[in-house]
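Here the chain labels run A, B, C and D in written order, and each chain numbers its own residues starting at 1.
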Amino acid sequence: MVDINKWEFITPGIPDIYFAQDNNPNMTKEEVRCLTLCKVRLKIDSVVYDIGAGIGTIAIEAALLAKEGLVFAVEKNPPAAAIILKNAKKFGVNNLRLIRGEAPEALAELPLADRIIIGGSGGRVKEVLSAAQAKLKPQGRVIVNAITVETLATAVKQFAAMGLDEVNTCCLNITRVKQAGRAKIFKGMNPVFLIVGESRGK
Amino acid sequence: MVDINKWEFITPGIPDIYFAQDNNPNMTKEEVRCLTLCKVRLKIDSVVYDIGAGIGTIAIEAALLAKEGLVFAVEKNPPAAAIILKNAKKFGVNNLRLIRGEAPEALAELPLADRIIIGGSGGRVKEVLSAAQAKLKPQGRVIVNAITVETLATAVKQFAAMGLDEVNTCCLNITRVKQAGRAKIFKGMNPVFLIVGESRGK
Amino acid sequence: MVDINKWEFITPGIPDIYFAQDNNPNMTKEEVRCLTLCKVRLKIDSVVYDIGAGIGTIAIEAALLAKEGLVFAVEKNPPAAAIILKNAKKFGVNNLRLIRGEAPEALAELPLADRIIIGGSGGRVKEVLSAAQAKLKPQGRVIVNAITVETLATAVKQFAAMGLDEVNTCCLNITRVKQAGRAKIFKGMNPVFLIVGESRGK
Amino acid sequence: MVDINKWEFITPGIPDIYFAQDNNPNMTKEEVRCLTLCKVRLKIDSVVYDIGAGIGTIAIEAALLAKEGLVFAVEKNPPAAAIILKNAKKFGVNNLRLIRGEAPEALAELPLADRIIIGGSGGRVKEVLSAAQAKLKPQGRVIVNAITVETLATAVKQFAAMGLDEVNTCCLNITRVKQAGRAKIFKGMNPVFLIVGESRGK
């Protein structure tokens, strides 16, 4: 059994149920969270933005992994933002800063980033990516999690326009197998496209 | 717009919403229904069993396509069985017979079948397949829709043991794209394995 | 065993191996072909265009199903076009016309269509859709099979701009299960998005 | 660009192309590797077995992450085993031991394990799991990567029989998006089921 007051593992993958979620209907699911953090490639001291952080699941995991880094969780929705703080406390995370607001505006005052994770962009992924590019250090990495056709199409186009290096796109289609009576039943999850790239520079 | 009193198409694929469903939570979704009927390969005069027919969506489509054939919809659950009749009436189908009961017992009195579709087996897929084999004409085809690991494993093993010909197995993983505000969002459906085979004989 | 000189079934789903393919590397796979024909909804007398017909697998199946209709297979690549004729002969199809050329230009002389299937558009899906709209009868149906992000994005946008009715988009992700020694191994196929809509009118 | 002589990231996810592969046709793909390591949950000092290690991609990543631990890569195929050593050298890994042999026999002399990853079992997953259970420390975790129906079915059944805790099963279906000319094309990968569980204990 996991004692959530000390998630003692060095790999991502906190089960969904260990996060406070309250009445918030959405969360980035465990498997998507794992692959997002893997594809964005953390270092121990990474400065990370989690834009559209929701209830903070990706930000929490990033903060636990990048122990000497700093994670900025940007979330405009007040109830979700409150749950981020609840989850940070629950997991004993103290290198996470909650930014109550919306990208791109909310990014203005933040220090430059090593890693930018765009989980939600409120339909403004193009502007958010522009702002992200301005904030990204050389050889920094940015990832977009796209759950709509529009975000996928825009992100793919913008990544090319931004001249990012090592662009990599995949779609993650997870089936969970759940016990239902005596049988183990297949449950499809919503697919998510991950688009990741790296800024050039020395 | 579809006028459901005359589904006038010669291909499977009645949209889910055109079926009466009442409070029944489950139905075989359009895309799975289509591929099930395609893989089992109907003729105009096929005698078809739909075992574990649920609310009858596969049986109705089979009956509409195999106009000169006869479809036996076998369903043990009384409320679901009632909806089958409602759907048969709704689509003007009169070559469908409702068999209130459970396979394998309920198959005893039925005429031999050209096609047997096993949508639900109440965890008894092995016995149901045995009974199906006894009822299947030469060059008849049988298909299992498996939504659990157990049914998949048993069906694959039994198809080999039964000496069926042309055994073909696939998994159908459908994502629907739904309008949500201004965006088109990806919605994962539950995957279904289809295992189909053909009886030998002249 | 299927005798391909008389595909005697009333449902789509000819196995891939029964088509002549020669050295042509691509073909629309059985399951995608089935669902394309189901979603576009054939009538017995439909006039169908298959644009970017490749080696003709969809066109052949459409012609076999719509026995009293007429199928125009539009293909610009000469070797592929030659295989279409070979397949038409193989399956005894005589209500298929090969149009050697490229859409939209090649559509100019054709009679109006009940159904338009766009399997390939050479990256010109926007123009092809415009031309398709001009050729589509009222309550006609058009479907795009998208295997790239660009075609998916353009088709989704154009379908909305064209004011089509009953627009429906899904992604088909098929896993085939293949015998490999004693085991049945999972083989992923390439996913295909299907975008279908209907023209308004009386 | 990644300098493979110093993979400096604290998350899994070395791109496939950075591994020596020689003529070996199979490798655990990046996304599957990531999720396998996440689901098995490493600690900095974990003792890990990688059974059926192939060319060693999972073992290498595990060794890089669990810096103070020890990884035993068990592989019976001599050419693959040779590539493991090549990859260990390439990534500067020195906490990896190659065990040339086959599970369960090859496990006899190994120290107890915190984590057991069964990537390949040569069709003997039941015996391998028995042996794994005997070697697993309390609160140790074991994961099976199943690419066949048979391994999936056996693993699911054995995990229940072994009384493992926190059993979790999912299927990972990855689509990669590849540049092809001007377009980004969807390429389906082979799905893999991951079955993971934890041994009970004080």
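We take it that contacts are C-beta pairs under 8 Å (C-beta built on N, C-alpha and C of every residue); 3 or more make two chains touch, one makes a residue touch a chain.
All of these numbers come straight from a predicted model, not from anything done at the bench.
Over half of the residue numbers found at the subunit B and subunit C interface occur in both copies, marking it as a same-residue contact.
The greater number of contacting C-beta pairs, out of the two interfaces A-D and C-D, is seen for A-D. Centroids of subunit C and subunit D (each the mean of its C-alpha atoms) stand 41 Å apart. Chain centres here are Cα means. That of subunit A falls 25 Å from that of subunit D. Among the residues of subunit B, those in touch with two or more other chains are 149-150, 156, 169, 171, 173-175, 177, 184, 186, 191. Contact residues on subunit C toward subunit A in their complex (touch as defined above): 149-150, 152-153, 156, 169, 171, 173, 191. In the complex of the two chains, the subunit A residues touching subunit B come out as 123, 147-151, 173-175, 177, 180-192.
Partner subunit A is touched in their complex by these residues of subunit D: 1, 8-13, 15, 31, 34-35, 37-44, 65-66, 156, 165-166, 168-177, 184, 186, 193.
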